[in-house]
Amino acid sequence: MGLRFNLVIGGVLCTLIIGAAVLAPWLANYNPIMDADLMNAELPPDAQFWFGTDAQGRDVFTRILYGAQVSLTVGIGSQLINTTIGLIFGISAGYFGGWWDDLVNGLTNLMLSIPSLIFALAIMAILGPGLVSLLIALGLTNWSWTCRIARSSTLSLKSQGYVQAAKTLGYGDGRIMATQILPNLIGPVLVIATLGMGDAILAEAALSYLGLGIRPPQPSWGNMLTDARELIVIAPWAAIFPGIAIFLTVLGLNLLGDGLRDWLDPQMRTRRA
Amino acid sequence: EEPRSGGVINFVAPYGSSFSSLDIHASAQVQDEFWAKAIHRSLYDWDANESKPVLELATDVSVSDDRLTYTYKLRQDAYFHDGKQMTADDIIYTYTRIMDPAKAYPAAQYISNIKGATEYNEGKAKEISGLKKIDDFTLEITLSDPIDPGYQFMPNYTAIYPVGAAEKEGFFTNPVGLGPYKFAEYVPGSRLSVVKNDKYYDTGKPYADKVNIMIMGDASARDVAFRNKEVDVSVLGPAQYVAYKSDPELANNIMEVAEVYTRHVGFSPDFKPFQDKRVRQAINYAIDSDLIIKRLAKDKAYRASGWLPVSSPAYDKDAKPYPYDPEKAKALLAEAGYPDGFEFELTATQNESWGLTIVEAIIPMLDKVGIKVKAKPVESSVLSEAVPGGDFQAYMWSQESGPDSLTALRCFHSKTPQASCNYTKFNNPDYDKLIEAARQAATDDEKNDLLRKANNLLQEEAPVWFFNYNKAVMAYQPWLHGVQPNSQEMAIQSYEKLWVDDTVPAR
Amino acid sequence: MLRFALRRLLQMIPTVIAVSLLIFVIFSIVPGSIASSMIADGRGTNDPKLVERIKQEFGLDQPVHVRFGNYAWSLAQFDLGTSFRTRQPVSSMIGERLWPTLKLAFAAMCVAIVIGLPLGFIAALKPGSLLDSLTMIGAISGLSLPQFWLGLLVMYLFALTLGWLPSFGYGDGGLRNLILPALTLGVAPLALLARTTRAAVLEVMNADFIRTARSKGMNSFRLVKWHVVRNALVLVITTLGLQFGSMMGQAVVVEKLFSWPGLGSLLIDSVGLRDIPVVQGSILVLVLCFLLVNTLVDVLYAVIDPRISHG
Amino acid sequence: MNGALLEVEDLRIDIGSGESRHNAVENISFSIDRGETFGLVGESGCGKSITALATIGLLRRPLAISGGSIRFKGQDLRSLSAREMRKLRGNRIAMIFQEPMTALNPLSPVGRQIAEMFVLHQGASWHEAERKAVEALASVQVPAPDQRVKNYPHQMSGGMRQRVMIAIALACNPDLLIADEPTTALDVTVQAEILKLMQELCDARGTAVLMISHDLGVIAKMCRRVGVMYAGHMAEERAVADLFRTPAHPYTRGLLGSLPRLGSRGAHGRKRLQEIEGVVPSIAAFPAGCRFEPRCERATAICASTQPGQTDLGNNGFVRCFHHG
Amino acid sequence: MDSAPEPLLRVEDLSVHFPVQGGVFNRRRKMLRAVNNVSLTLNKGECLSIVGESGCGKSTLALSIVGLQAPTSGSIHFEGRPITGKAQPSRIERARMAQIVFQDPYASLNPRQTVFTSLAAPLRLHGIGNGEVESRVEEMMRLVGLKPDQAKRFPHEFSGGQRQRIGIARALILNPKVVVLDEPVSALDVSIRAQIINLLLELKERLRLSYIMISHDLSVVEHMSDRVAVMYFGQIVETGRWESIFANPMHPYTRRLLGAIPDPFAELSGKKLIDEAQAPRPPSGYDYHPQQFDRQDVYSAPQPSQLVAIAGDHCVRLAPVA
């Protein structure tokens, strides 16, 4: 499969989703929360309600658009946290080595050995359902991959001529990490973050299924899917469209991530979280 | 149709994905009643058709004048699965064990009304003074309060064990009871199987040779399994209720029962706006409960017109629920000094019948009268800690409101602490008087009359938004017969009355 | 090799200690309690006295550090404590649930390996072919499905519509009931494995020593058999081990969906009911499984790759 | 049998396809007689390796032969089927690669990797092949060969590994050995040993060698004739002695002038080295005419527009330049 | 000959040992002795070459000199001032003493920075004002034979030779006194090498630089050096002026090295640099040391030996005969 294919399809899907999320207020005909008319509940898709309505009589299309905001917030937000933690730990561990490296290594192994969904579940149990808790829970669980990649890349970058040269030229350690190492990590880290966004969106759905997702009535694809799961016999559209939305978004992110990876570094193909 | 003996019933336990242990005294989960009901028996049993407790392990009871001492004539044809005959010792042993001072068995709440039980439990006494064996088959129980012991000694959680059984090795992996079925096999997390007890005292019963109790928490999975004819019953949620009703094949075999739970939103008395009765009433007016019941609950509920449910003996058939009247609500709010409304936080769980699904529907409705609602989703075990702890502005819950009406209404007695069940700290002297009177009432009619009045007073005061009483719906396969309308908990069936005809698929 | 395995086993110890500490801390601040879970469905009334007694019985009235001391002390004796809910030893409860989970996980892994590995191989040997493209599109799609959604779909398809397989439950522990959950759980690792294998084979095919092998006049079959398989496996095997971990997590969802009596559903139930000792024990055992599998993978790695064992 | 062992004529190799198709190597002609060692020098990227790979039939996408012929013992290799080619490869034409680190399978004992040759080409059983592998290892002067066969590549030094490579290549007594920079990755002292070993073995077996290197010293030491490549063209092809004495192509001359000569500083004092200005053109931007034209001091208008043809210099040598001499 | 002028750089008894990886449970840490008791001096304006086989510790020594590798023991003095151990100057200070040019021109430039940034940032770091920075970068670009306007480009737009020029420019931009050249031309194309060698020699004259050059190409070494040190397994086995080393190599390793060079012109004229039959005998009471090494031996301490002066400052490592 050509590299173009991945990048193009992934890019198009992601752009569409981001567009949907950003333009939700303009694209949607209804309010995702307040426009609930129980008289209109469970209507099949038609000209008025493109994707039908859910059990509350809310427009599924509208909710999917607004759900995109939540899913993307979850995806991007949690990856921002992950990436920041991973980069800080990974770069410093690789750069300084010694006991700090051992410690970070231990921590990464620790995080890797607890299945991330279970860890997120535990954090959600403490914080209670909600967007912020979700961001924290997912943001704290998956940084180990970024950390590992950052660490190993730093280890190899550290011995590169230009990093060594920076040292001899009098750069401080912080400056070296920030100006010489970090910019060269952006590529792989971006790939991991892109793939991680997809994972986070899936994790949101799984946590919603386990009862620990986003606070309703705020629409998220995960809780829409969970709510509509039992409607599948009488109002399948309420479950099918959010399912497709998740699938396409995660697919888009995965394709984009793959495309980016192939584009940035063919050597990285075998490494994958 | 004549019940047929033989065959295998595949029953479901739909309330979670595992049983606690095979020690029913230690449990507080309905899920465990599914197997306990098959294996065990308690002193009383619930008569689903009459909706009242009836004697099960005794043939006769006499009551003292002060209504504190009950003398039971125990039945002499009851044998434990291991062959031992049941005697008064077994009951004394069981009740004493439940009050074990070293353990905190949830079942203790049913036994603690026996005189001396609390003292024993606190280690102040060597035995429970209120339990007296007259002879092997005569047992005298003295209560500390004049309440109906039927409700106390009926729950499956108070199942009778043979003397010394719990101390024996292996009892909890191979429990022995008095029930119609004997324990056969338990696959933790998946299934518990029981086989016919040939020596069951109700001769001719049970009918089926074997019952498999499948643990199936997930409604959609259950739905598939039922349609796939892998299980014989399924408890339906609202959506499935609609689907099953409209499916000609499935519609004929649906059992509906008014259960004894009242779904409501409780208002905190510590939250300023809720201190005003008019605000509480306004909320009752502002929500189109009928619409929600019709569209969201899919008619799988009865509109609440007070606290006591439809199946309650004290239910007032003439009572009218709050009508949907947003204008009136607005007026009341304005009167109470909130013309622009206010905002409150509503703590609720994921539950589709009394949780966020409903909250989502009332958010836009209350919004129309200016009240902003912020949902605060919590896990159910967090809700049940927050509510008794008073840690809420409003909460949504389903609370048991029967089968004993008095017990249910006593929750709103001012002496009942919030931590117990007066979650809204309801305090109304008139109400208290009615309850006291009902307690002392000589006849059931008199009692019910008083309770009805109390119930109506409660409705007027509106400490909660009266939403609905649930309607339990169970679908069963056409070959399954003898399903009983158990208003206490629909899904808990007396297995001995169930039988399958010969159209049952081979298992 | 034995020494190597032993050393890797010993290296698990600090992780296990850290994990147990972490989960103790997390679950000592989690809201809700076993007592509150008892009335969670609105049945019965809250009995404050009972709550007190329960706290006393389980030592929950003690300060945190004392509880931690007790917890650590019993852990050191390999005692996972007693369940709040069942009063059974946690270890025996977990013992009952471990086998189904392992069975499910290994079955899912088998699905992944038996299908994913050859698929990845074939795709890599004909890069750019239709099969390759289809495999990779399928693989990425497989990674993009919400698991419980997929589970529902297969349930509807294979159980309801086609009636081939039971839709739920453990049955008699046989294969029939295992297939659907294993399939659901196996799809993601399958997809990942197909991708990893493809990438690994491609990488190996581009290695210098493959050129050497070609220069010897070898045909493709021998080339693959003698030089590609082992080298690709080395790259794949790590993924396999790590995948096992995330599968253990996903098992929670799948077990719940299929009413599978495994550790995952025990964990979820216990979290919901705040049966903390069981929660802690289950997580610890899941982590232990993960660590053991990865140790095994490391040892396997060393068996395949002489550079590790000699180094 | 008369005629050369290997005759390459007008070989042309393209890289990529469609839009992004470029010519990598063009007009390459040379021939190697039996037992002769022919050298190919040139800078990095000038196309030495792909020429060698084309000869043994191992070019892979995106590279492909797009013209010319390669005749081995009179047989056009391009017309052979894949199967026939495999029979030749390893057996009659063998190859040694530059990087002894990566050219051996890290997961397989070296003995087995040698033994494969006997299994592949002589139908030997594995047992027999392993025994022969010990002999082969002994023949490349690896001490304790019966122990060493069990070693994995990472347990050997670079020199040892390159000996293993030689043992593999010479296992079936090929007629032609292609050695692509066999010693570039090695220390000078080890390089000397390996070169000596190769020379001895090939002489003894009458194996012809195509020796590729960018080190003129190595070429001078090993070869009788040499081709100088520049940017995918054969600039000059001469007997080694002629080349060093009277380099004809401006590039060759520049190259020789730019090398510091050992001993010359002692004799003549330090002299500024001669420089060739500019850089090697990239493959996508080869000049239309002579490829050395942009850097050539003698370049004239014709050089920029026309590719120079071969000018015979006698003694089987030729040069591609309008202004040679 | 009384008080010899203080050399620009003095390396004294320098050793660098690397712990070989051992895990948490593997306490037994072996030490790889990369550099063993090396002593060197570099005088002003001089080019000192270090030759030796791969892995003998040349780069490690070089890194120690520019402060990228902390020595295990021993000391380095710059203009008489210790720059290792407690008295170590700050990185900023040290930057103006010694700089390094790396072998691989591809890895030695940050691919994400323009050449201008690479050259200007160190200047700014050292407190040089904006206006001056630009002129300095421009001047430096010219100095190494590049066009100043090329500074706007990124490294990947340059050829290997040009990158090496940029690497040299970066090393020189702070006006260091010593430049360490770690195999400066070995990764370059043959036709480019001469350009860089000429450039280095030119710069040395013009800026009065002192070089420590590491190389394994003896013809380059001969062409460029004033003095030569031959390293073997972490130790210096022979050192002296270039004429003396190339004319009278003493140590067996030096001789082997010289004997192994394939020099095209020597090759064709049949002249041999070294007559291996005529190995000079060591002075009485000594034997050559070390004669043979096993790879394992980098982990254990070498036998006692010392550098013995043969003629002038031509020294050879010899071991006293027991």
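The letters A, B, C, D and E name the chains in turn, as written, and every chain counts its residues from 1.
Here is the rule we use: a contact is a pair of C-beta atoms (placed from the backbone, for glycine too) under 8 Å apart; a residue touches a chain by one contact, two chains touch by 3 or more.
Remember, it's a predicted structure, so these values are computed and weren't measured experimentally.
Distances between chain centres, each the mean of the C-alpha atoms, put B farthest from subunit D. Taking B-C and A-C together, the chain pair joined by more C-beta contacts is B-C. Taking the mean Cα position of each chain as its centre, B sits at the greatest distance from subunit E. Taking each chain's centre as the mean of its C-alpha atoms, subunit A lies 21 Å from subunit C.
Averaging Cα coordinates per chain places subunit A and subunit B 43 Å apart. Rounded to whole angstrom units, the spacing between the C-alpha centres of subunit B and subunit D is 89. Subunit D and subunit E have Cα centroids separated by 32 Å. Chain contacts: subunit E has residues 24 touching two or more partner chains. For subunit C, residues that reach two or more other chains under the stated contact definition are 14, 31, 152, 156, 256, 268, 272.
For subunit A, the set of residues that touch two or more other chains comprises 125, 128, 211, 229, 232. Residue ranges of subunit E in contact with subunit A, taken from their complex: 24, 63, 66-68, 90-95, 98-100, 102, 104, 107-113, 118, 121-122, 125-126, 167, 170-171, 174. Those residues of subunit D that touch subunit E in the complex are listed here as 43-44, 157, 187-192, 195, 214-221, 240-241, 244-245, 251, 254-263, 265-266, 270, 272-277, 279-280.
By the touch rule above, subunit D contacts subunit C in their complex via residues 56, 58, 83, 85-91, 94-95, 97, 99, 102-108, 116-117, 120-121, 152, 154-155, 165, 168.
Those residues of subunit A that touch subunit C in the shared complex are 1, 106, 109-110, 112-118, 121-123, 125-126, 128, 198, 202, 205-206, 209-211, 222, 225, 229, 232, 243, 246-248, 250-251, 254-255, 258, 269-270, 272.
Note for the complex: subunit A touches subunit B at residues 33-36, 38-39, 41, 55-57, 125, 128-130, 211-212, 215-217, 227, 229-235.
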